[in-house]
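A, B, C, D and E label the chains in the order they appear, each numbered from 1.
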Amino acid sequence: MLLRFFLMGLDRKAGIVLTILAFLAVAVPVMTLWVPADSPFHLSVFTVSLLGKYLCFALLALALDLVWGYCGILSLGHAAFFTLGGYAMGMYLMRQIGPRGVYGNPELPDFMVFLNWTELPWYWWGFDQFWFAALMVLAVPGALAFAFGWFAFRSRVTGVYLSIITQALTFALLLAFFRNDMGFGGNNGLTDFKDILGYDIQADTTRVALFVATVAALALSYMIASGVIASKLGKVLVALRDAESRVRFMGYDTESYKLFAWTLSACMAGVAGALYVPQVGIINPSEFAPASSIEAVIWVAVGGRGTLAGGILGAVLVNMGKSYFTGALPELWLFALGGLFVAVTLFLPKGLLGLWGQLTAKLPRRNKTAALPNAQTANQTAGQKGA
Amino acid sequence: MRRALRWLMALCVVVATSTAAYAADLRPLVQALGSGGYSGTEKALAQLSEAGDPAAVPVIEALQAGDLFVRKADGTVVIARRAGDAYTLTDPLTRAALGDAPAAAVEKIRINNALRRAINASLGALTLMSPDAGVRRSAADAVFKSRDAQALETLNAAIAKEQDKSVRAAMEQARAAILLTSEAASMMTDAEIQAATDTLTARGDRDALVLLNMVAGSGASDITKRSAAAAVSTLEQKLAFWAALQNLWYGLSLGSVLLLAAIGLAVTFGVMGVINMAHGEMVMIGAYTTFLVQELFRAYAPGLFDLSILVALPAAFLVSGGVGIVIERSVIRWLYGRPLETLLATWGLSLVLQQAVRSIFGPTNREVGAPSWMSGAFELGGLTITYGRLWIVIFAFAVFAALLVALKRTWFGLSIRAVTQNRPMANAMGIRTARVDALTFGLGSGIAGLAGVALSQIDNVSPNLGQGYIIDSFMVVVFGGVGNLWGTLVGALTLGSINKFLEPYAGAVLGKILVLIFIILFIQRRPRGLFALKGRAVEA
Amino acid sequence: MSTESTLLYLDGVSVSFDGFKALNSLSLVMMPGEMRAIIGPNGAGKTTMMDVITGKTRPDTGTILFEGQTDLTRLREAAIANLGIGRKFQRPTVFEPHTVWDNLDLALKAPRRPLKTLTYAISRDDRARIEEILDVTRLSALRGRQAGSLSHGQKQWLEIGMLLAQDPKLLLVDEPVAGMTDAETEQTAELLCSIAGKHSVIVVEHDMSFVRALGVKVTVLAEGSVLAEGSLDAVSANQQVIDTYLGR
Amino acid sequence: MMLDVRSLDLHYGAAQALRSVSMKAEIGKVTCLVGRNGVGKSSLLRAIVGLKPVSGGSIGWDGADVTKMAPADRARRGIAYVPQGREIFPLLTVRENLLTGYAPLPRSQRSIPDEVFELFPVLKSMLERRGGDLSGGQQQQLAIGRALVTRPRLLVLDEPTEGIQPSIIKDIGRAISYLRDKGTMAILLVEQYFDFARDLADDWVVMERGEVMLSGPRSDLDEQEVRKYLTV
Amino acid sequence: QDTIKVGILHSLSGTMAISETTLKDVMLMLIDEQNKKGGLLGKKLEPVVVDPASNWPLFAEKARELISKDKVSAVFGCWTSVSRKSVLPVFEELNNILFYPVQYEGEESSRNVFYTGAAPNQQAIPAVDYLMQKEKVQRWVLAGTDYVYPRTTNKILEAYLKSKGVKPEDIMINYTPFGHSDWQSIVADIKKFGSGGKKTAVVSTINGDANVPFYKELGNQGVKAEDIPVVAFSVGEEELAGIDTKPLLGHLAAWNYFQSVETPSNSDFIKAWKAYTKNDKRVTNDPMEAHYIGFNMWVKAVEAAGTTEPDKVIDAMIGVAVPNLTGGYSAMLPNHHITKPVLIGEVQENGQFDVVSKTSGLVPGDEWSDYLPDSKDLIADWRKPMSCGNFNVKTGKCGGKGS
């Protein structure tokens, strides 16, 4: 059954995405670890970490696209789940430092020591175990999303109202985590990690392994997401995106549908955050900033909303652009990036992937709808009211 | 011991009066101001005010204003006023002109906070007899603050002579303050203490409370202590009442700031449905316009600086509105019917605008000054109200009322609403939707610009200005109910008040977190905001 | 008549909007298998009645029982629908981004819980059922079309098809033939007649020839309550009905 | 003075909805456009009022070519539209909905003609209710009323009787003939309700699959012929 | 390789751009001047500017880019502590050098970082001493932004004040969020607290954007320096440039440098700066001086080591002394902090500070505060053979209190 579920989501697009990911998972380790450094095919560890970071963002974008593209929930607070997942991982890494901290306290992280904490707060218990931390990576964002969604969906909060309260959520978390009293290192966050699962976090092999793990997580999430979308549940999601009450009158309990997708998405975001932290080496409250969530929305929009692969593409491209331009045009890059966003909306209303869709739509298609007469993708009338 | 003190005091009084006779001989004291660094100046100042000669007043005032210099050549203390590159020197006592001197030839007598305090105290004591009632009043206040026992005698004399009721009251309060705090208190009769206590109770502010508390805890007789304690408790009640009112005022004024920041968004987002992430930048542009207008005033009409804000208002409206129209015509208009994409485009625009301002004006804060009618504060009963805030409250309400009228009572407003509710149909009805759209977006942006003028008075004028308000603005509009102006008004005021209500208990940080949680919970109760539109009309 | 045997039982139902009484102590009883036509002036409260039954609007007062026992006023829309109450809206509403086929697939009677739909695979029978409905609604050729690109009338048909697919015990059909040609109107009448008996149907319509073709008991609503009830001929003879509704 | 549509083509994406459609509508006459569901009637009307750009052909009105004109400018030339699906402004009150009809009028003519309330008395009693709150039929009445406020010279009606109670349908019928008889406006009517259309039509236009199959004055056309295109 | 590359890692966009952009400019100017003097080791210096955009993980990424891609010999950068924490592992891993020019909370010493800004004992404690002695302050308001630097500084100050006999009820602590802009009630509270009859002062660790509205509110509510002086640790000439300072006359700031200090080297520096930026109104401030010192130290150390190789330079840095702009010599200590004079200035009407107090000698930076229980036994000494950032003098071991 599980197999069928995964197969269901496997269309041509998924094939391409998974092939690329599989290629990355193989080629990148080879090119970094075994290809000699002077070869043009050598990849520096720096590049690997960078790519790993992009793929974490891609996973976040994928998660976001699942709820935004397919259930119409524009989350302006998805970074909250990402960051919580990151903190769960960060707490594990922090505990792994053990007595190697500057104060040499085997129990307490440094920031607790210099603020005179004497014992580990209860919510840090268990984070010295990887399995526990890994569980929390899913459970904390998942539980928060579930609780939040349960109330919000049941109260029928929709549209901008929902968007804004997700923003309020992440903003509140931002302020809360800034406070030193929260016990998460305040503004400075968690950093100075030493090792993960016993391996030196800065070692090349560890970095490559983390990268491969990220690719795997992304591929798995992609398969889950596209399986969900292809299922009837996915169709219900799309249906309720535009006509929720109609779906309800048909007997579907739309709240639980949204809750399912929302929680699933939050867990994915949590995983993305967890993989992000060891690769960038720090997690701090600024990740909660509303702007980070908005940026994630923008990756999805740039890549193409409601396409899954678009989110991935958008996240990677935008962040690559950001990395490049902040170095190459440090004083002007915002013009470039801002201009890019404007241009994408104006000229590629369906994102980069939509462009691809527009091109292929012109050619005869060979999937199942092609057999039917009259099949055509209809464009909305320019004047018509949109969703 | 006590007797010795009393004796000493009497002596002081004698000395004080007798030195007055030798008023002409202030010169060495004035001269002493210029040597010995801060402590030397302070010592000389003390002697100068002890001398009690009003002739010293201009000297001390010059010292306060930073106009007192030492001529390096001969060490003479002079008053020097800048005239171009050089200084014009005058004699501090005789006011005789002493010619000009280059900047390098004189050295300013510097003062620090301790000196400033001493100057205030001595000026207070010395000007109690001034012919100008205003001066006497502030002198009395200064004495009240300094509680300088030396001033007591002059104060008594001044009270005896004083005709102006309110000035006299101030003087009596000052006297009561001195009596109760100085060593002399222990020698006063109960009746005297009682009288002083009453005077202070009548004053009724926190300073009085502190003094009364001292009496209540002092070594005075039980009766006085008790009556002081009673006075303390009535005063405390009164102050608590005023404090609550004051908090309400803070809520109102914070609410007005939120309202101003949000109201433009209530047009572009609330009415037009554009998720306008560049709203904050429109506010910022308004603030920078204010800066530019003020620069012009500083350069060409410094005398009229107080009017700069009045000129900045229309200017900011036009500039921000103009930018808004350009944005609408070039970008937004392609996006109607795709509200989510407006988020992406306006976010991009906000990055561009921020960076543009950063490139043009630099990344640092720019100074926007407050006109005199917007600075300072006044007391209203037990409330302290700053002029700046008061004007912002008034202004916010005025903008709100004007917008309300424009949207609800004019043809333009009707077209705006028709266009935003059903653009193609409005067009088919003969409404020029393109023009209406551009003007509406321009209106919203222009109002954001107006907000920028107001915010420049209380906040940074930097490229980040807008970012600071964008989230709050969205919260307010959504909390109040999208598309409902009254909702924006009530939402802003509610959030402002709640914030200010929580702040004293929870602290600013937790208070803010609680407000956010409140918004989240509130939206659960009212999923379409405070002033939700109900009925089929909305669902359709 | 005991409420037990009724399918739908409305008693004293009132709804007001800002003081305006859209339903005024409305009472109505439907037996299983019965078809009923409801007519009445614009604004009489017909659509509001359906809103109240399906849980879209909560009544201010009154009882609404389904199958004699289930109190509909306490249930949420989805739960009501799952009891077997299906509805066609006055304004055709279909799932615009989905194809005609998917619209029907979604409507098809099948488990509605998320985990069930996640693992759902369409069966041969279901496929056949959808084909059948496509046939009946003459949408076969458009099965792959996005519902959003259908014309008004086509959407009407699709929505009727979805209602059929849902296979509810009680069908609430609001103005099914608006925007249909006369021939189609006839067909729709036939279609509805054919499903009555197994199902109960409430039809709201202003098209008298259609109502006549149905040949069922007619209830006339006016100002939120029942004005007359009986055969079409009987009610059309009622002077009040003529004055407020039919006109001369 | 008339509406003159010449070989109009119209596409939705790649799908062609109108194929070389030509037709006329004259002042003082009711031109009735009929056809089955989805044949392109509404599309043609949308093209005439300017809400949907055409891909070929021309639309002449009042001697001018309006093919490329914005809807608002066509409205200013006297074209008023009652769309299928009512499209009233949901959050505006009934009064405000009517007032939007002032847009193409000079200030001096800005008043609501009496015939609106005579025809639809219910509107008068609900002036302050929001348009979106009205019942379906009431909204339809409002949509027609709103079009009349603009004092049109070409009134384009897309299934105006849809969802309206019989007595008012009769009133609308009477109103349309009254307006025709005033001789100041051309009326283009799309109607599925055949009896209603038959009573009013001076000219017929019959469409099928995006094309005009038949057209001409009532006298020239056999009613059965027209009906043929409406059966399944 | 014919140039020596120097990395500049300061935010040019985002919230911190407001402070950091200036530091980028000053670095460019210093490098320019050095090149005019003939460069270093016979080579030209080449600045590499990147924009970490006030985004902390991006700091780490950019640091890595500078070191491994651009192969810079040293990096001058960071403003906030969190950005420094973010890049620290990168510098340690890739063994490069960072010069950090801003005052900070201390409690850190890394072999690869040179801290040219003030440690708490070079700013906060002398400021409090001044208030206690000169202004006879008895009650204290510790107001700060709610995050690590203010919290730590206040913790140190609280301990210090208590050790001086200040009673707990005479200390009021208040924290506000970043970018706090409505200061009405807090300023009113301060006034209230200050009307208690005892001389009161505010020690402000309020940071960033929040300062301007704070000072504007102080001015409007008439909190005069004579009554309740405010001493700030992050308000310098640059910040004052955005405020009308007339109502703020006499409020204080503690720094290691003020633009108003009259020394020949300072007036040269100011002149050069104004010329370089082609703007007569540009002001100088303390972190700029820190970069000035840091850069000159690095130049000297590279010359001494004869190479830019980090290991050699790091060793050569300790003991290097260069003139600072306030008329003394600052030296690099074994703990990678420097010696600095501490100046207290009062705000003047022209937006400058008037120095009212200056420590008689130079104060050595103390990385591990003596007022925090867990760090008072720690010292850092990066000279061989100890070469340890957290040596415990009690246990005699490197590595904090444990092992």
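In this text, contacts are C-beta pairs under 8 Å (C-beta built on N, C-alpha and C of every residue); 3 or more make two chains touch, one makes a residue touch a chain.
This one's a predicted model, so the numbers in the text were calculated from it and none came from an experiment.
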Starting at chain A, find the fewest moves between touching chains needed to arrive at chain E.
-> 1
Please find which chain has its CA centre nearest to the centre of all protein CA atoms in view.
-> A
Counting C-beta pairs in contact, does A-B beat C-D or the other way around?
-> A-B
Inter-chain centre distance, chain B versus chain C - centres from mean C-alpha coordinates, in Å = 65
Distance between chain centroids, defined by C-alpha means - chain A, chain C (Å) | 44
Distance between the centres, which are taken as Cα means, of chain E and chain D, whole angstrom | 75
Shared-interface residues of chain E (touching two or more other chains) are 12-13, 146, 175, 177
For chain A, jot down the residues that touch at least 2 other chains.
-> 175, 178-179, 245, 331, 334, 374, 376-378, 380, 383
Which residues belonging to chain D are in contact with no fewer than two other chains?
-> 12, 15, 51, 133
Which residues of chain A touch chain C in the complex?
-> 1, 4-5, 228, 231-233, 235-236, 238-239, 241-243, 245-254, 256-257, 260, 369, 372-378, 380
State the interface residues of chain B toward chain E in the complex, per the touch definition above.
-> 38, 110, 112-114, 116-117, 120, 145, 206-207, 210-211, 213-214, 246-247, 250, 253-254, 257, 354-355, 358, 362-367, 369-370, 375-377, 384, 386-389, 457-464, 467-468, 499-500, 503-504, 507-509, 512
Name, in rising order, each residue of chain C that touches chain D in their complex.
-> 17, 20, 40-44, 46-47, 90-91, 138, 149-154, 156-157, 175, 178-184, 187, 206-208, 244-248
Within their complex, state which residues of chain C touch chain A.
-> 54, 56, 76-79, 81-82, 86-87, 89, 93-99, 102, 105-107, 112-114, 117-121, 141-146, 148-149, 162, 166
Quick one: which bits of chain D touch chain C in the complex? Just the residue numbers, please.
-> 12, 15, 36-38, 42, 84-85, 122, 129, 133-138, 140-141, 159, 162-171, 192-194, 230-232
